[in-house]
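Okay, so chain A shows up in both of these, paired with chain B first and chain C after.
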Partner chain A sequence: MTNEQLLLGLASVLAAAAPVLFAVIGETISERAGVINLSMNGTILLTAMGSFAVALRTNSLWLGFLTGMAIGALVALIVAFSSITLKQSQVAVGFVLALLCRDLAYFLGNPYMNIPGPRLLAVPIPGLAQLPYVGTLFFNHTVITYLSFVMIFLAWAWIFKTRPGLMLQGIGERPAAAFVRGANVNRMRYLYTVIGGAIIGLAGPAYSLSVKAGWAGTISGLDGIGWIALSITIFGGWNPLRAAFGSYLFAFLQWLGLVLQARLPNIPSQVLQVAPFPLMILTLLLVNIGDAEWVARTLALLPTGLRRLAVRFLRALRASPPAALGVPFESE
Partner chain B sequence: MEGSKGAKLTAKTIKWISPLFQAAAFLLALSFTTLILLAVGAPPGQAYLNILKGAFGNTNSIANVLVVWAPLLLTTVGVLITFSAGLWNIGVEGQVTLGAIFTTWVLRLLQESALPPWLIILLAMLAGMLGGALWAALAGALKTFGGVNEIFGGLGLNFVATALTLWLIFGPWKRPGTGSMSGTLPFPETLWLPTLSGLRLSPWALGLALLAVVVVYLMLRGTRFGLRLKAVGKNMRAAYLLGVPTWQHMMASFLLCGLLAGLAGALQVTAVYHRLIPSISSGYGFLGLLVAMLVNYQAVWAVPVALFFAALNIGSIQLPIVLRLDSSLAGVLQGLLVLSVLLVEGARQQIMKRLRLSDESAPVEERP
Partner chain C sequence: MDVALYDIHKTFGRVHANVGITLSVPAGTIQGILGENGAGKSTLMKVLSGFIRADRGEIRLDGRPVVIHSPSDAIRHGIGMLHQDPLDFPPMRVIDNFILGRKGGLLPGRAAAKRDFRALADQFGFSLDPDAYVDTLTVGERQQLEILRLLWLGARVLIFDEPTTGISAAQKEKLFAALRLLAEQGRTVLFVSHKLEDVEGLCHKIAVLRQGYLVGDVRPPYKTAQLVEMMFGKSVAMGERQPAKPGPVALRLESLSVEDDRLKVRDVSLTVHKGEVIGLAGMEGSGQGLFMRAICGLVRPTGGRVWVGDQDLTGRSYLAHKRHGVAFLPASRLEEGLVPGLNLTEHFVLAEERRSFFVDWNAGRSLARQRILDFNIRGAPETPVESLSGGNQQRALLALLRVPLDLLLLEHPTRGLDIESTIYIWSKLKERCAQGMAVLFISSDLEEILQYSDRVLVFFSGRVTPPLEAADLTTDRLGELIGGKGWPEKGGQG
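Showing the complex of A and B:
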């Protein structure tokens, strides 16, 4: 593989990670506020189909992306309404929506299958795109990929560096304390769930109008991405920067699978495509295992030097969810 | 005295109001589906009639509905056990798949042997149950010893199970020549679970599924184990303090669910496909979760509701040919049904709560 091919390959990894990134960041924001939006897998499929259909009919890519955000926000609104107002299980409603939106996408998308449609083109950034290495890698992408770069830092800065972001952390960690501080916990949860949903809604069009342009029904290869994004959210420890790392790692592994496929003809391609999933479980295990009681007991038996090392390693990987994740809040 | 009279009235109201709300939920789902059909320009009446005919039009189609019903019942009552323990066993899909893989494995190992066919089938199905239980145990171990939430562990394991299936079909177990998405080579007819003459329906599959419903119903209803399981599911900390070994009960519920899901997978191989195919689980794991939610976690109701869902699945198969509609309409209707039941139930609870606020003495109603 030449240098140029490698660079192009890595640039394609950055582009392929964009939809996953939107999903993961949207979910991170929603979960930071204390609401799990489990519907993601269906939302991604429905927004991919809906955006493509609208973009095809109106011949406007922007309307396509807007449709995606609107659908994502609407699905999130159902999750918010049923969990915050009706006090139903977030997991139950989210899971049903995940299946419902998927089937709805297949049903409504039937007439749009395998039709060539509009597609986002790469916009090289003048001046920067010509730079050696960096230019190919970062500055020769579609608008939506640039937006994914910006989104990482925007979300990170919002959550950790602003006052409203501090409140957002508060309503997910200690809603009662945030309430005393004057936050309208449930209204904020509504707001952030819907905003998160709109961002998740960008993931679908990022596929159907850019990365994997078009709609191919059940063979679109998008079924399952939402579940992956959900585990990357946990891997990311509810921090956009770490979540971005997880998304890029996932996209890189998938790309590696494609590259290796040419070199290892004995392994069926279907296997390499799903190879990142076991790795995802392993990372989830590493992220969570530090909390297990037996681990603490085992570590206590180790010699001091080794124990410190192990503890530091596990602590670095560890991520604990927002304390009030999935717990309804009542002010009275 | 005034207070107790008020409470009586409320209890009575609850009794007749509940089915009313459920009927409203059903109508809501149906009207929404009708709107969707109208939106795509399809005749709703014809679509529903087509589903009905496709499911119950002749003996053959009725038999096919029952072919779907059996594994769906197994996964439904399986996840009822894990739901009782407060666990969301999304990994049930992978547990079905592993059941199918283990069954295929044993059938392949023994098909050349001198053992009588019935024994081979029996061993293969037992292996399938073991496979499902093993996969469930993995999700359970990840949860208990690794702190990985069963939803995420289960989802990951589902993907691994799919990968394993594909690898086997295209790798070690591939058909002579090149592997294909149509699966492994079919087994000889002697290794098929006997079916009713001329139909795809195996009475054995049906019998096993109904037996499982009865066993699970009795277990959750009338045994110490079932009671403790529910205690763990309702309030783990309280159960632990009362001396119920909590993680052991959670693990046991995983294992039992895995056994039933594995049996569903075994039936898919021995009674339906007679080989391993890429989508061997047919989504019955997820569908079972939906049914379990719809019946409000009651095993008895699983029987008619699973039948209804199976009928929708089979009835919609003809839709693409007759009306040029995608067969995923069945999934849309199923999903809408569960969603509206959840929403309407939530609304009912909120309304009841409001009413109760004005009548403090009313009995407190609990729901899992």
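Showing the complex of A and C:
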């Protein structure tokens, strides 16, 4: 593989990660507020199909993306209403929505199967795109990919660097304490769930209007992304920067599968296609293994220096979920 | 700020939690609010701090009637409340906890907040690192953080709900000094407690609540007997201390060592005789909890041996220990001890040794009824455990223990209980000690340690004193040891 090919490959990894990134960041924001939006897998499929259909009919890519955000926000609103107002199980409602939206996407998407449609084109950033290596890697993408870069830092800065972001952390961590500090917990939860949903809604069009334009029904290669995004949210410790790392790792593994497939014809292609999924799960296990008692006990047997290192490493990896995740809040 | 409550009424269903309470507290006063669990103290404070609205009555601040809609509304009026379990955000930093809730621009302004934080902390002699994570702080330090935060928000009335539960003696001194300073600055302090020695030593006047009524508002000099009678409506006799007669050996530890990633407890040797009570004193997290879990097989010791009776149980499971007559009652009653959602009958059925496939519910219910009578639990066989009060949960846990038992390990057996329940629990324990059960208990209450133990081990960041005769100890000496002062040069041998 030449340098140029490698660079292009890595640049395609950055672009291909955009849908997962939007999903992960939207979910992170929603879960930070304490609401699990489990409908993600269905939402992504429905937004991919819906955005493509709207963009095709109106011949406007922007309307396509707007449609995606609207669908995402609407599904999130259902999750928020049933869990915050009706106090029903977020898991049950989210799961049913995931299935419903998925089937809806396949059913309503039939007329649009395999029709060529509009697609976002790469916009090289003048001046920067010509830089060696970096230019190809970062500055020759579609607008939506640039937005995915920006979104990582925006979400991170909002959560950790602003006053409302602190309160967002508080609401998901200990709503009673946030309430005492003057937050309208349930209203904020609504708001963040819907905003998170709108961002998740960008994942579909990022795929169907940019990464792999068009709608191909069940063979779109999009089904399952939502579940992976859920696990990356956990792997990312509800931190957009770590979550971004997870998303890129996943996209990289998928790309590696494609590359290896060409070089190792003996391995069935299915193995390499599916491999990123169990690899992600394995990573998740490793990240959270520090909590297990047997690990602590095994570590205790190591020599002191090595043990300290291992403990520090595992502690740095460990991330605890917002304590009130999935718990409804009622002020007395 | 002068605080006055007029004719406050509050009912929950059929329970009349506050009945026509009228109380006035002038600025600069430390007002004690004394009463046993369920007397209505918390309800009254929640009314004042905006958590709940009174059914009837009026609150006046500096003579002006106010209506308080919510806790954040209360703080706008200058009323701040410190909860028994501080309402903060454990995984976040101290400074972020401090800032959270204060109005301001988009950016939190950490640098300016840190300056204010340090200035306030210096005023009270608190040493808190603004960059530390709250989950690494002790309860006492979290209280200090809350005090500073409320003052920063402009609180002129501070309500403390059972603040001395779960903090060390040194921290209590610091807290009391801070409260006195607050009062000197003209702020009003309401101090809610069921601990007589705390309110007597601190408060300028004490209001006593019983079953929703304010039964008196007394000024010093206080007479303990009078306060107790006001609290309970009758006088309660404190248990007399009786030295244990050494019996056969119940537990023998040979240079037991145990550690986790924070602490090492090394080479503790101890022989406990039947009928003996050993108190484990120390600040929370000084190694006593780890030590106790190592004895009963919940944590694997890293060295040494544990003999229960004449059996070597080193490294065996909790189940093996249980079979040999050892039981452990953890501090977190609802998390580790009882099963929330199950009622008393179901608990007794679960705890029964006989395991037939089908449950004989009739036998279970009559067993439950019998135990409820024996242990004076306020509840019915059908009562779910989580709706029992703390004292009744502890009684239920005791009632669940198998008989006979050779060794009982207790973690904070009376934390959060009122005097009557405390005395009852200990009378039951002593009864069983007389029958030959040995007790090891952890407590952060120095009085309890001295009152009920025969011998005491003091823990300080993993170091352990040799067993000390409780009769030779004083609260002052014990307080010093717990704070790490006056230790023998070579600790850990016993």
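Things to note:
Note that the second predicted complex is superposed on the first by the 331 of 332 C-alpha atoms of A that agree within 3 Å, B and C clash if a C-alpha of one lies under 4 Å from a C-alpha of the other, contacts with A are read in each partner's own complex, and residues count from 1 in each chain.
Throughout what follows, a contact is a pair of C-beta atoms (placed from the backbone, for glycine too) under 8 Å apart; a residue touches a chain by one contact, two chains touch by 3 or more.
Quick caveat: nothing in here was measured; it's all calculated off a predicted structure.
Comparing chain B with chain C, the partner in contact with more residues of chain A is B. In the superposed model, A:Phe95 makes contact with chain B only, not with chain C.
Once the two complexes are overlaid on the shared chain, A:Val311 sits against chain C while remaining clear of chain B.
When the shared chain is aligned, chain B comes close enough to touch A:Ile289, but chain C does not.
Using the contact criterion defined above for the overlaid structures, shared-chain residue A:Val123 touches neither chain B nor chain C, since it reaches no partner.
Once the two complexes are overlaid on the shared chain, A:Met280 sits against chain B while remaining clear of chain C. In the superposition on chain A, A:Pro164 makes contact with chain C only, not with chain B.
Across the interface of their complex, chain A is touched by residues 46, 51-52, 70-72, 75, 81, 87-92, 96, 99-101, 103-108, 259-261, 300, 302 of chain C. Residues of chain A touching chain B in their complex: 38, 78, 81-82, 85-88, 91-93, 95-97, 99-104, 106-111, 217, 224, 227, 230-231, 234, 267-268, 270-271, 274-275, 277-278, 280-281, 284-285, 288-292, 294. Residues 36, 40, 88, 90, 142, 145-149, 151-153, 155-157, 159-160, 162-163, 166-167, 170-171, 179, 286, 289-290, 293, 324-326, 328-332, 334-336, 338-339, 342-343, 345-347, 349-350 of chain B touch chain A in their complex.
On the chain A side of its complex with chain C, the touching residues are 161-164, 166-167, 169-170, 173-174, 176-183, 296-297, 299-300, 311, 320, 323, 331-332.
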